[in-house]
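See the structures that follow.
Look for subunit A in each of the two complexes below; its partner is subunit B in the first and subunit C in the second.
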Partner chain A sequence: MSDIEGNIQAKAKKLLKDGTIKYFIGYENGSDPLHTTPCFIKKAEDVDKIVWNPLCVNNLAGYLTHDKKRELKKGEEEDKKPIGILVKGCDSKSLVQLLSEHRIEKDEVIIFGVPCDGVIDPKKLEKVLKDKNLSVNTIDSLTIQHDGKNYTVKVNGKKYSFPKDKIEMSKCSDCTQPNPIISDETFGEKVKKSDKKDYKTVEEIEALPLAKRWKFWSDQFAKCIRCSACRNVCPVCYCKECVVDSADLVITPQTTSSEKANKMPWLEKNVDPAENMFFHLTRMMHMAGRCINCGECERACPMNIPLSLLTKKLEKEVKEMFDYEAGIDVEAKPLLSIFEEDDPGDFIK
Partner chain B sequence: MSFEPNIVAFLCKWCSSAGADLAGVSRLEYKPNVIPIQVKCSGRVNPLYILKALKEGADGVLVSGCHPGDCHYVKGNMYARRRFAILRKLLEYIGIEPERFQVSWISASEGTKFAQVIDEVTESIRALGPQKKLTKVGFDE
Partner chain C sequence: MTSSNSFKAENFVIKKEDVAQFLKGLSDYTIYAPVQEEDTVLFKVIQNPDKIALHITNTVKSPKFVVLPQTETMLKVTKGKENSIKIDEPVLDEKNILFGIRPCDARGIAILDKVFSGDYKDPYYVKRRANTIMIGLACTDPHRNCFCTSVGGAPDSTDGLDMLWTDIGDLYFVTVLTKKGMKLVKETVIFSKATSENTRVMNKVHKTAHEKITEKLNADALPKKLENLFEDKYWDEVSMKCLGCGSCTYLCPTCYCFDINDIEYRDKVKRVRTWDSCQFSSYTIHTSGHNPRPNKENRMRNRVYHKYKYHHDNYNELGCVGCGRCITYCPVDMNLKATIKELAEK
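Let's look at the complex of A and B:
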């Protein structure tokens, strides 16, 4: 157990014991050794479950809004105590974005910040272990240590070394925010990472001719099964009612005209490439200036659609056109609710 | 038969619709391929409208509003400009011809500009051919 993990546990235990927080959101070991899973610790005696290691991939910030969406049971009183949450550098950007949109307020959350030196993509790790003839079922113990350019993975007592770029999440290679932007308490030393975002993957697609770009994206979106995992996992997709769910409206003689107008079936339920395209473009429009590129949508996608190519493009354009970056400043106004006199308008006749 | 494009035009009530009226009463001739839809303000045009129009088989979409600074609601068109800039970049990125979605500022006194823009948009979309990328499979002709 690392120092950081111990300190987090001790602090969480203290806060839970004296009743400062209602629960703590952190990570615990998953059902297999390659994954950790989010956990909600409500009792001080359960804090031993909390882990912190390079497998803590999930962005936990989104869970903060879940609690607000839940409707209270009859007679239940709202627990106004703050929630404790563990955030990495990138997750803290999501948290800042939620704070700036007033989805949560600062006094409703106690932030445990951890500077993060990159997290491991379980899919990639599984693959490299498979190459060494290690399947998930045969792994009893797995510890990961990080030393500069390599990860040392200790499996069943045997050590393996893998280069960083082979098993790390792709979002970590050009991370500009390894240290939490805001935190009530920081655990561990500050980390230095890249200064500049790398848009090479996006630029490669931009350089393709139009027909090839279309081929690439239509093939990708044809795979989509519209499970909505990308939307549901997204920390800033918090609406109670989503525009793409409007297909559920059944029109009866009792349906009022305002219902028909407000619940316009923009999208049909059938999984069809055109509908999928519409879904993803709509989602991207709603993400503009809000997405912080945490990569959760891509990670959650069961069909391996490279959604980060879309979110990165969005981030790049928003930066280039409006010099705006999401999730940096709690006081910032949302991108689409402000304007400048000299916004780009060359495309307008 | 030659291809006649179907173009959906969202015209703001205060400038562009009045501009279209002026083109009409001035007896200017312009292409009949545009289906005008009046909206209160170009800032009221949700990007969903544009995507939905393309999905339902429009070959192109035109959004037209007041010139910057002339908006009846002071700044609706400025908000719209930001949104449309992003949408256009996204459409281009996924491989849809950016000419399919055009924006124009037309004031109430610019009847000739209205006729000219409609002609230009129609011709540029006619040159691209029918839009089948975003339409539903099975609804293609």
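Let's look at the complex of A and C:
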């Protein structure tokens, strides 16, 4: 167990014991040695479950909004104590975004920040191990450590070395925010990462002629099964009513029958390339100036649609057009709610 | 529904190099088989048998979509002359072969058979299913998340299949299970009778696969256990990390919930049936605004109850085939195997 992991456990234990937090959101070991999984620790004696290692890939910030959407049971009283949460540098940007949009308030959360030197993409890890004839079926133990430009992966007692780009989440290669922007306590030393974002993958798509770009995305969206994993895993997709759900109207006893009948079905449930494209592009529009490119949508997609290409494109556009970056300032106003006279208008024809 | 009790299974072998020729001879059929494109393996219509990827344990999406498409037009209404309308129904006479379907997925379809062609016969499903031949491929390398043997299945289960093929080296051992399957074998001269040596190897392959699935969950205890666990606090705890997306249900070989919508176009209306998921909040919302399953703990509980209790109450078998997809592809690593274990111990 690393010092960082131990210190996180100790602090969580203290806050649970003295009743400061209602629960702590962190990571524990997953269903197999290649995965960790989000954990919700409610009792001080359970803090031993908490782990911190390069397999801690999930962005946990979105869970903070789950409680707000939950309907209380009969007789259940709302626990108004803050939630303890572990955030990496990138996750802290989501958290800042949620704070700036007042989805959560600062006194509702106690932030455990942890500087991050990169996290592993479990799909990539499984692939490189397979190339070494190590099937996930035969792996009983796996530990993983940063080692300069490589990762040292110890599988069933034997050491292997893999270059970072072969197994790391692609978002980590040009990470400019490895250290949490906001935290109540930071665990571990500050990390130095990239100074500049790398938009090579986006530029490759941008450079394609229109017909080829259309074909590329049409083929990608044709794979979509509309399971909504991309939306539901997204920390800033927190709306109770979503434009892409044709039936998901927030109805109250005051909603009239004509309101229900005339609810516009922006998107139908049938899965075809056109509807799928509408689903994804609509989602992207709502992400502009809000997405911090945590890569969770791409990771969650069972059909391997490269959604990060779109979120990176958003990030690039927003930066180039408005010199704006989401998730870095709690006081910042949301991009799409502000207007400056010199905002570019070239796209309005 | 395809298995015929009067049929006596017969055993053949086919050389691996002859498989392409066998498939090419089936030109009357649309053949679906696992195909790898980049990192994703899916059942797709194949034109070129060389593209078939039989080496993987299982596809991302179960092949249930061949008999229960995610989007199905039930009828189409167009404006005719003056005030008349024209109603078109789909023609469902396409003959399909599911080649290389794993025994778990075939059992999934056998489970759907009881739902869609039991007391109520769903005409779309019944027709598609009658036109579908399933050629199974016995599992030799089960994934760590597989648990078929805990839910009544096996890596060499024949439920729902017309043929079961087993990789025995240079040959596939072919067990023909139905008349539909025998028809395909009889159409070509590629198959030869299996020898007792072939049978011996086949039995060994099956035995090895069984031995690879070491974990046995006590899933059979669940239908009874769940009778008293509806209000258990367990659901609140276990569902906390659930995102409420539908990936588990959409990849699942036995989930069959659907929704029907009329979609208006400028010149026509289509009545479309689509998959739906009990994990979506919109699944149970009433027109009054009341939602009987408002939270993710209610929805996750329903998924487990349906598969391990309600389905069992109705059909006397579990509604899960243990393919493990819901674990493998869950974005937050929800672990149904752990859930089964924890519930069985309660």
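As a convention for this text, the second predicted complex is superposed on the first by the 331 of 349 C-alpha atoms of A that agree within 3 Å, B and C clash if a C-alpha of one lies under 4 Å from a C-alpha of the other, contacts with A are read in each partner's own complex, and residues count from 1 in each chain.
Rule of thumb we're sticking to: contacts are C-beta pairs under 8 Å (C-beta built on N, C-alpha and C of every residue); 3 or more make two chains touch, one makes a residue touch a chain.
This one's a predicted model, so the numbers in the text were calculated from it and none came from an experiment.
Of the two partner chains, subunit C is the only one touched by A:K223; subunit B is not.
In the superposed model, A:D272 lies in contact with both subunit B and subunit C. Once both structures are placed on chain A, subunit A residues 272 are touched by subunit B and, in the other complex, by subunit C. Touching subunit A in their complex are the following residues of subunit C: 38-40, 60-61, 70-71, 141-145, 212, 237, 240-241, 243-247, 249-251, 259, 261, 263, 272, 274-277, 280-282, 285, 287-289, 291, 294-296, 327, 329, 331-335, 337-338. Taken in their complex, subunit A has these residues touching subunit B: 205-206, 210-218, 243, 266, 272-275, 277-278, 281-282, 284-285, 288, 310, 313-314, 317-318, 321-322, 335-337, 339, 341, 343-345, 347-349. By the touch criterion stated above, subunit B contacts subunit A in their complex at residues 47-48, 51-52, 55, 68, 75, 78-79, 81-98, 102-105, 117, 120, 133-137. Across the complex, subunit C is touched by residues 30-32, 35-40, 58, 62-63, 66, 70-71, 123, 127, 135-137, 223, 225-229, 231-233, 245-253, 255, 260, 265, 268-272, 296, 299-300, 302-304 of subunit A.
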